[in-house]
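This report concerns only the one structure given below.
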Amino acid sequence: MTAQTKLDAWEQRTEWPLAGAAVIFLVAYAVGVLDQPAGAAAAAVGMVTAVTWALFAMDYVVRLWLAPRRWRWFYRHLFDLAIVVLPLLRPLRLLRLVTLIAVLQRAAGRAIRGRVVLYTVSGAILLVFVASLAVLEAERGQPDAHIVNFADALWWSMTTITTVGYGDMTPVSTTGRVIAVLLMIGGISLVGSITATLASWIVQRVADEDNAGRVVTTAHIERLMDEIQQLRGEVQRLQGVPARGDRPDG
Amino acid sequence: MTAQTKLDAWEQRTEWPLAGAAVIFLVAYAVGVLDQPAGAAAAAVGMVTAVTWALFAMDYVVRLWLAPRRWRWFYRHLFDLAIVVLPLLRPLRLLRLVTLIAVLQRAAGRAIRGRVVLYTVSGAILLVFVASLAVLEAERGQPDAHIVNFADALWWSMTTITTVGYGDMTPVSTTGRVIAVLLMIGGISLVGSITATLASWIVQRVADEDNAGRVVTTAHIERLMDEIQQLRGEVQRLQGVPARGDRPDG
Amino acid sequence: MTAQTKLDAWEQRTEWPLAGAAVIFLVAYAVGVLDQPAGAAAAAVGMVTAVTWALFAMDYVVRLWLAPRRWRWFYRHLFDLAIVVLPLLRPLRLLRLVTLIAVLQRAAGRAIRGRVVLYTVSGAILLVFVASLAVLEAERGQPDAHIVNFADALWWSMTTITTVGYGDMTPVSTTGRVIAVLLMIGGISLVGSITATLASWIVQRVADEDNAGRVVTTAHIERLMDEIQQLRGEVQRLQGVPARGDRPDG
Amino acid sequence: MTAQTKLDAWEQRTEWPLAGAAVIFLVAYAVGVLDQPAGAAAAAVGMVTAVTWALFAMDYVVRLWLAPRRWRWFYRHLFDLAIVVLPLLRPLRLLRLVTLIAVLQRAAGRAIRGRVVLYTVSGAILLVFVASLAVLEAERGQPDAHIVNFADALWWSMTTITTVGYGDMTPVSTTGRVIAVLLMIGGISLVGSITATLASWIVQRVADEDNAGRVVTTAHIERLMDEIQQLRGEVQRLQGVPARGDRPDG
C-alpha cells in the first residue's frame, strides 16, 4: 500500500467519525453559549470540547504523518492547521458536516443545480446558526454590546447574511466584527448562488424553447452516417455489377 | 376512478373557489388590520376569517382523506398543515393566488422569461402588501415599536425587500422579525430573479449576434439528407443502367 | 398616408425637439431646486417649466388624435398621461433623453452588451441626479428632514441606488419615500444589469474557450454539401459513361 | 522604429518599475496614515511620496511625448492625467499593481473564470485596504467623525463593499463620501463578478450534463467527411471500371 493510498484510506475511514465529532462539538458549543452552564455541566461541556478538539488535532497529525510529501501537504493544509490551533476558528470544524450534506445529496439526485441549491441552503442555515452562537459569545461580555441574547444574535445574522444590514444592532468587539465579515462574504455568496442557479435555469429553459426540435444532436449525425454507409454499400454492389458485366465482354 | 384521479379532480375543482376564498380572506385581513373595526364590523371580519379558515381546513382534510397513500401525502404536505394550523402563517394562504397569476400568464404568453417576470413582479407586490399588513399587526401593540401605521409598514417593507435596509425603522417583536426574515428571503429572490432574467436575455441576444446565420439547425441536416438521398436515387438508377447494358451482352 | 404612418411621422419629427425640451426642463428644474430663485428668475424658471409642460401635453394630445385606434392607444399610453398630468412624475419627462442615449449608442456600436452598459450607466447617472433634485425639493420643507442640501441628497441617492442603505439620512415625507422606492427599484435593476452583463461576458468567453475550433458552423455544413454535390456530379458523369458504353452495343 | 513601437517599448520597460513604485507608494501612504509620523520619519514618507509622484508624472510626460498622435493620446488618457494631478486620486496609482496580478495570473492558469476570480478577489482586497486608509485620512480630522481609527475604517469598508451598510459609522466629509461611492461601485461590481462567475460555472456544468455525448463537434463532421470522401474514391474507381469495360467495346 503506497503512502498516498494509506492517507486516502485514513481519510475515508475517519470521514464519518469526524462528522459525528463535529456534530457533538456543535451541540456542546451551543449548550456552552446558550445555557452558560456552571459546575458539573460546565465541566462536561469543557470536556466534550476538549475531546473533540483532541480528535481533530489527532486527525491533523495522523494525516500529516501519512502524507507522502509532508511539506507540500503542510503548505496545502494551513487552513486545517488554523482550525485546530486558533480557538476563534473552532466553529469551522463544522465544515466537516459537508459529509452529512453529501448524504442529503444522494437524496437530491446528482443534478448540478439541485446540488448547488442544497449546499447553498444548508450552508446558509449552518452559517447563520454558528455565527449567531459565535457573535453572542463574543459580544455578550462587551459593556456597550447591542447583541446580548440569542434571539438578537439570530436576527442580526439574518440581516447581515441577506445584506439588508439595518444597523439596529452591530457587533462592537473585534471578534464580533470578524464574524460579521465572514457572514457578509457568506451573504454575497448566497445572493450569488441563488441568482446564478435561477439564471442557469432560465437560460436552459429559454434555450429549450428556442431550439425545440431544431438542435442538431449526434443522433442526426448518426442518421446521416447511416444514409451515407447504405450509399457506399450500393456503390460497392455497383462495383460488383460492372465486374460481372466485364466478364461477358472478356 | 382511482384514488389519485379523485384527488386530482378535487384539486382541479377547488382551485378557483379556494383562490376566491384567499382573496376574500386578504380583504378581510386588510380591513381587520387597517380599520381595526369594532362591534358589528369586527364580528363580520372575524366571521369571514373563520369561514375562509374553515374552507382551507376542510380542503386539507378532504385532500388527506382522498390521498391514495395518506402518510406519504401527510409528510409531503406538512407545509399545508402549518398554514391551516398556525395563525402566524395565515397570510400564506394567499399562495393560492398563484391560480390568479396563472390566468394573467395566459395573457403574458408562454415565454419562460415573461412568466418569470410576471411571477416575480406579482409575487413581490403581494409579498410587500401582506408583509406590511402582518408587520403592522405584530408591531402596533409593542411599547417601543417604530412601525405604527400602514405607510411606515409599506416603507419598511420596501427598504427590506430591496435589501437597502436603512434601519430607520425595524421590527422589535419576534413575529415582526420572522416576517422581516421572510421579506429578506423574498428580497434576495427578487434580486436574483431580475438579474437572472436580464442575464438570460443578454446571453440569448449575444448568442444571436454571434451565431446569426452560423448556427447549424436540423434544417441544414435535412438539406444534407435530401442531397444524399437524391444521390442514392441516382446510384440506384445507375445500378439499373448496367443491368440494361448486361442484356445486349446476354 | 394612413393614420399609423402619420403617427409614426409625427413621433419621428418630434423626437429631437422633445428631447431638447426635456433637457431645458431638466436645467430649469435643477435651477429651481438648487438656486431657489426669487423674483424675475423664479418667473423665468416657472415659465420654462410651463412651456415645456405645454409641449409635452400638446405632444400627448396630438399623438392621441393621430392614433388610428384612440381607445387602444389611450390604454397603452396611460403612463404618458400620468407624466403629463401628475406633477410628481414630471421628472420622468427625462425619459425622453433616451433619444440622446440613442445617439451615444451609435458611438458605442451595436453590440448588445455595449448597449446594455450604456443604458445602465447613463440611466443610473440620470436617475441619481434627478432623484437627488426631487428628494431635496420634497424633503427641504419638512421639519424633521435629514436631507437639507444637494450634497446630502446626492449622498443619500448613491447609498440607496447601490442598496447599501446606511440609514444615516432617510426621507421622511411621502413624496421623498416614493422617490426612494423608485431609486431602490433602479438600484436592483442596476445590480442586475451589471451582473447580467458580466455573466453574459464570462459565459461567452468560457464557451469560446471550450469550443475553440470545435463548434460546428454552417461553414462545415457547406463543405459537406460541396463534397456531396461533387460526388453527385461524378455519379452523374458515371451515368453518362455506361450510356456511351451502351451506344456501341446498339 | 516607429513612434508607436517606441511608446510600446517604453510601456513594456516601465511596467515593472512603476508597479514597484506603486508598492513603495502604498507602503509610504500606509505608514503616513497609520503612524502619523513626525520629524525625520514624516520627511522620509513625504520624500517617498514626492519621488513616486515624480516617477508617475515623468512616465505620463514621456508617454505623451512618445505618442504618435499626441492630442488623441491626451484625450484618451485624461484619467492618467487626473491620477497624476489630483491628490485625491493618488491611491489610484495602485491600479499599476495589476501588473503584479498579471504575475499571479500565470499561476492561476489562463482559464477565464480563474482570472475573473483572481482579479475580483485581489481587486476587492486592495480596494478595501486603500479605501480604509483614504477614508481614515479624510475623516480623522472632522469634528463629528465616526471613523477615527484603522479598525473602524476597515470595518466600515467591509460593510460598504458588501452593500450591507449598517450605518453604525458613515463618512461625514466630502472626500470620505467620494471614497464611499467608489467603494459602493466596487461592491456592486464584486457582487456582480461573484454571481456571474458562479452563473457561468453552473450554466457550463448544466450544459455538460445535458449534452454529454450529444453535442455535435467538428470531429463528427470530420467523420462524415471521411465517409463521403471514401465514397467518392469508390465512385471514381467505378468510373475507371466502365472505362476498362469500354475498351473491349471499342
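Points to keep in mind about this one:
Which chain is which? They are A, B, C and D, in the order written, and residues in each are numbered from 1.
Assume contacts are C-beta pairs under 8 Å (C-beta built on N, C-alpha and C of every residue); 3 or more make two chains touch, one makes a residue touch a chain.
Here's who's who by UniProt: A, B, C, D = Kef-type K+ ransport system, predicted NAD-binding component.
Note that the structure is a prediction, hence the values are computed from the model and not measured.
Each chain's centre was taken as the mean of its CA atoms, and the one lying most distant from chain A is C. Remark: among chain pairs A-C and C-D, C-D carries the greater number of C-beta contacts. In whole angstrom, the spacing between the mean C-alpha positions of chain C and chain D is 28.
Mean C-alpha position of chain A lies 40 Å from that of chain C. The set of chain D residues that touch two or more partner chains comprises 163-167, 191, 195-197, 199, 203, 216, 220, 224, 228, 231, 235, 238, 242, 245, 249.
A complete topology is adopted by the chain contact network, contact being made between every pair of chains. Residues of chain A touching chain D in their complex: 111-113, 116, 160, 163-167, 170, 174, 177, 180-181, 184-185, 187-189, 191-193, 195-197, 199-200, 203-204, 216-221, 224-225, 228-229, 231-232, 235-236, 238-239, 242-243, 245-246, 249-250.
Chain C meets chain A in the complex at residues 163-167, 195-196, 199, 216, 242. Those residues of chain C whose C-beta lies close enough to touch chain D in the complex are 151, 155, 158-159, 162-168, 190-191, 194-199, 201-203, 205-207, 209-210, 213-216, 220-221, 223-224, 227-228, 230-231, 234-235, 237-238, 241-242, 244-245, 248-249.
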